[in-house]
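Please read the structure below before turning to the comments.
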Amino acid sequence: MANSVILAQLKREQILELLKEGKRLDGRGLEDQRPLSIDVGVIPKANGSARVRLGDTEIVTGVKIQPDKPFPDLGDKGILICTAEILPLADPNAEPGPPSEEVIELARVVDRGIRETEMLDLHQLVLIENKSVIGIFIDSSVTDANGNLFDACSYASVAALLSCTVPKYEIQNEAPVLVEGVTSKPPVKTIPVSVTMARIGDHIIIDPSSDEEACMDARLTITTNTEGNICAIQKGGIDGFTLEQVIRCSEIALSVGTKIRKQLEKLM
Amino acid sequence: MANSVILAQLKREQILELLKEGKRLDGRGLEDQRPLSIDVGVIPKANGSARVRLGDTEIVTGVKIQPDKPFPDLGDKGILICTAEILPLADPNAEPGPPSEEVIELARVVDRGIRETEMLDLHQLVLIENKSVIGIFIDSSVTDANGNLFDACSYASVAALLSCTVPKYEIQNEAPVLVEGVTSKPPVKTIPVSVTMARIGDHIIIDPSSDEEACMDARLTITTNTEGNICAIQKGGIDGFTLEQVIRCSEIALSVGTKIRKQLEKLM
Amino acid sequence: MANSVILAQLKREQILELLKEGKRLDGRGLEDQRPLSIDVGVIPKANGSARVRLGDTEIVTGVKIQPDKPFPDLGDKGILICTAEILPLADPNAEPGPPSEEVIELARVVDRGIRETEMLDLHQLVLIENKSVIGIFIDSSVTDANGNLFDACSYASVAALLSCTVPKYEIQNEAPVLVEGVTSKPPVKTIPVSVTMARIGDHIIIDPSSDEEACMDARLTITTNTEGNICAIQKGGIDGFTLEQVIRCSEIALSVGTKIRKQLEKLM
Amino acid sequence: MTQLMNENGIRCDGRRVDQLRNISIKVGVLKNADGSAYIEFGKNKILAGVFGPRDVHPKHMANQDSGILRCRYHMSPFSVTERKNPAPSRREIEISKVIKEALLPAVILKDFPRTVVDVFIEVLQADGGTRCAALDAASIALADAGIPMRDLVSACAAGKVADQIVLDINNEEDQEGQADMPIAYMPNLEKITLMQLDGILSPSEYKKCVQTGINGCKLVYEMQRKALMDKYFTNET
Amino acid sequence: MTQLMNENGIRCDGRRVDQLRNISIKVGVLKNADGSAYIEFGKNKILAGVFGPRDVHPKHMANQDSGILRCRYHMSPFSVTERKNPAPSRREIEISKVIKEALLPAVILKDFPRTVVDVFIEVLQADGGTRCAALDAASIALADAGIPMRDLVSACAAGKVADQIVLDINNEEDQEGQADMPIAYMPNLEKITLMQLDGILSPSEYKKCVQTGINGCKLVYEMQRKALMDKYFTNET
Amino acid sequence: MTQLMNENGIRCDGRRVDQLRNISIKVGVLKNADGSAYIEFGKNKILAGVFGPRDVHPKHMANQDSGILRCRYHMSPFSVTERKNPAPSRREIEISKVIKEALLPAVILKDFPRTVVDVFIEVLQADGGTRCAALDAASIALADAGIPMRDLVSACAAGKVADQIVLDINNEEDQEGQADMPIAYMPNLEKITLMQLDGILSPSEYKKCVQTGINGCKLVYEMQRKALMDKYFTNET
């Protein structure tokens, strides 16, 4: 245990040394993202799906769309639920069982990124007001966990949503019935892009790897929308940020977000 | 561990020594209750609420009243449910998680004290027989656990109920709808008072403190009603009582109960 | 621990030595079942019940029959559910709590034996198609666990079903209502019989005792029906079977099953 | 609603006010348990099995200075009219606790530090008064397991039905009667080790009810004693 | 829908855009906890209790090189309009985590290896901004428990309501407003230790919102300081 | 109801009675796992990852004399037509157990006392025969992790459809066919390590079905072998 603390300390010193020269362990610049590949339609049985690889991190997300009852007091909106699981095969430290606080945070941050940008017009998903609506379940399975699960899960969830087809339901005898062979595109209003930054010493880097996450001081995830607004934020980690740093982070999130959004827009 | 056993033994000897002289560690007489203060309306968002301090033990109880479905076979009665939680901040030994057998017993004894005395006329809480009734949830949070949680939770629950206002619901299209601005008093028939006694050696004391509970032989909780009847009993602890002792306890419960009931009656 | 491994090894050697001579620890032949006694009606409050003793293994099974909602997409069939619990008093190693994988397998194998033989005509248990059906719950409590729980639970479940009386329900105002005093026999089509075999070395024995289970290489449970067909199989254990062995096992299951079926037929 | 007592003071199941239901007790009915008993108490059918003294898991529950007692009261899904979910209810957890505290005064665990005695109770059929019948079986099972005891624990409910104090409340009387008071008693040490009450009693009814319950416990005790004698001191045939 | 701001820039509860709700803080309100605080922040009523440094259970969670911090944020069933299930929701688990990470930069646990400091927070009544108010109380409770700290943590939300950046979002503004940004801040070290956002802000609104939140944290800090002074450096009567 | 076989003996997905679905296997697809494989078996899409031998937690599960094998078979919520609850169902727990017992005869864990080898299986898309396809992937992943093995385990179902014994039941055939018999086989040791049956077979059909399943396992084995060879003995481009 003492050894692993020393090793972590040495790794941190090495990373800091490189950062002073504007470099990172894997050769990236501070604001370079790892290679991002997005494949959609990988799970044909789902209404939408995507496999995202962000460096060595890999996510498979499936979207299921089916009739549901609305939440109380939200009878004029469809249902949107994001979940996430770090599969035990993705990480030697992940354990089967009820979700850890890390996984709950992951799912909720992905969920808020989509919800708070108002990516989907949920009002269009009502079958009978207060009684019957369309529910959209966006389930992400982390299959290889190698840093920055927040962004990778977010991209996979957004990609699966953008590429999904919404089945048509009609009301018969007050119950929703599937209309075979008729589908529509999802009611997309904007494309959220999540950008996660880590502070190590005085340096801000984007898209941290596992090694960088292990020795970062603090983390900031900022989601922006197509219109250039900031829509969701989550701070994490054992230390904090200065005011200047959180302003700087918002600028990075907007500029990096624009690049990634182009990759996502092609999926529509 | 061995040390703590020896310390507990010494504490018990000290307590027994005092009891022989009719005294207790904190200076009380055997049938003296610790100071009892009851504040109602402390949680304005609840339909009724109370903070009870009994010595250093403190409870906050809130009452929520909302439409519900009746229990099967009890379609002519409203629903009444008491719960209790010993908050982890109340006790260094309390742990977050599913309720322990101690907490389940606590909640069920408080519940029975209210239910078996027929404190409320549950028949008056029916909206549509067998279909829709008023549900009353009485949730107690122990915020400081320093002995005799049974009585403290019971007083807090009774006080919160006595001081609650019942919202009015009307049936529209077979569903209950809140009628704004119209409330009534709860249908109180009698006031239950719980009195918990501990046997230490041959002595019967009331309202045991944590120290006394730690070395008591047995515990008896007796709830009486306004009419002077005995309505609910729970024996606990690692030893038993003689016939004479349980008779004596019933007399104490009736006489102490009368005093406490006066304090509760003021809340109506 | 090392000792217990050595003891288990010695026990296995002793058992193998005997098997070479066609004998077993308790004097049985390889294809001899322990004494099987079946008492039905032991729980009068249940709609059907049985106590089965198979050697020192004992099971009590109760059948409860009550209206229920059908499973989605199975609206033309009644519901049949088998559960099992190894009571903690049945086995020094059993623990209270959520069911272990062993107990889940036990319940599911008993369930499949009854379901896959189509013992009951579930279509006869429909009150209103897609809305209201009869549900049959077959709950087995293992009260003494001494080997071959699969067969013992299966016999107890089948016996409880064969001897049960099905209450009559009528639909009134779209809800099922019990018709007092009218019952019928269950819609039995065939009688499943489970036969469990163990392989120890090259020997196949039936109805293994606890000692034999502790040192067996592999286990095969085969359920046959009245018509002489094979309807459900479950392999278990740490090793496998040859093709010849699984053929041989099917022949044993059919011949032993015929004998046991005669004992069960008397209960109808 | 059932008529719980007729004009001759005869109860709905034909008993007098001071009469127990039929009781039969078998000792040593389980092969794996260290001690066991099966009781039929009216229509109640209950098994009790005891293991121990044995090692405690998880270890942090162990007591350096004494053995500990654990108790699990559980009802089979088919034991009651409406099928019961097999997971332990809050009621079952509370009853497990009061049964444990009713047995604790009787068992002597000082000589077994760091061990546990486990009492497992399974209600196969329930018909009112299960906790008392369960205690009667558990007490016998502890004796059968050879656990040192100061006394047997005998249990029986009293109650109020049709304005009368009666012995041994059955299911209908529990559902529709006026009060139910389960009592457990150590007959030789003359100590009440379990006492609960649901229902309304005047002070004088209370006294009569406790006395009636204790009388019932003494009757039960004779049957428990006989069951143990039959097992241990007669030649079984 | 409520009108959230009138023509004079006055909010639905009568406040100006840069005005905090009424805050009262009591230190050391619990007898059993090693440190505690009670805060009323608008209609929020929140208790925080701290235990530790103390032994860690289960032991494998302990850290050889430092103490660890655990945090539980929990809402009483009666704290919100619709009765809340007492079991912790996913929201409560997430908030527990962000609160822990907002307190970690302030506490110094290096000298307490293999121990834990437990922070327990109970929301008795919720009215918007509970996580910030909870942090304010928790920070005080840690100080009251004598845990070494680099700075207090002060928390307050800013947000956007009726197209204006406002300080300290209340429940109505949270439900129907345009953005909610909870912030926690160490005023002397000038570090943001919690930051979240739900809602839509332009880049310039974002900057104004962060600055507004930090200003609020500084106001809260003065009240936290005063509460501690009152407890520790004045003669209480 | 689908017509499961046409007059020419061609099945609903175009296969002959003795024909496997298309199978593709990739070895070593995961970075973090010690060994891994991805299989597409018809429309089934399944990942298997292996960790170990490594320390056992909780420790009391460890075996002094040998390593142990654990197995978790899990389906993603989106893997089936109706969204599946992510919590493990009783079906998934049973399948985890039979898969473990199908792999145990192949792995040699004697040299790794007190350790565990964990096999984690995720069904990303299910289409009938998932447990067999999962076993095929798990067996490869164990080999990829360098776990000593006596043989590969190859698995494939046989069954009865339209009164014919057929190889490799697909989803429609599983739902509407007459029998489904999953088999796992060690081709070199000629041992059946998993065998289940749901459905009705005459004794002669039973024999034919087992033989058909074993033939299928041998075909699968060749593909498993090829996948391992491609990974370990060819120059990947």
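So that you can tell them apart, the chains are marked A, B, C, D, E and F in the order they are listed, and the count of residues begins at 1 in each.
Operating definition for what follows: a residue touches a chain if its C-beta (ideal position, glycine included) is under 8 Å from a C-beta of that chain, and two chains touch if they have at least 3 such contacts.
What you are looking at is a predicted structure, and each value in this text was computed from that prediction instead of being measured.
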Kindly list the shared contact partners of chain D and chain E, in label order.
B
Could you give the fewest steps needed to travel from chain A to chain D through chains in contact?
3
Which pair in A-E, B-D or A-F has the same interface as C-D, with over half of the contact pairs matching by residue number?
A-F
Compute the distance, rounded to whole Å, between the mean C-alpha positions of chain B and chain E.
32
Taking each chain's centre as its mean C-alpha position, how far apart are chain C and chain E in Å?
57
Using CA atom averages as chain centres, what separation in Å is found between chain B and chain C?
48
Send over the residues of chain E in touch with two or more other chains.
82
With chains as vertices and touches as edges, which is it: line, ring, star, complete or other?
ring
Round the ring, from chain A on through chain E, what is the full list of chains in order?
A, E, B, D, C, F
Mind listing the chain C positions that touch chain F in their complex?
1-2, 5, 72, 101-102, 104-105, 107-108, 112, 116-118, 220, 225, 228-243, 246-247, 250-251, 254
In the complex, go through chain F and note every residue touching chain C.
64-65, 82, 90-91, 93-94, 96-98, 101-102, 104-105, 181, 186, 189-203, 206-207, 210-211, 214
Using the touch definition from the top, list the residues of chain E that touch chain B in their complex.
30-33, 36, 43, 45, 47-49, 51, 54, 72, 74, 76-83, 86, 88, 118, 120-122, 124-127
In their shared complex, chain E is touched by residues of chain B numbered 42-46, 49, 56, 58, 60-64, 66, 83, 85, 87-92, 96, 137, 139, 141, 143-146
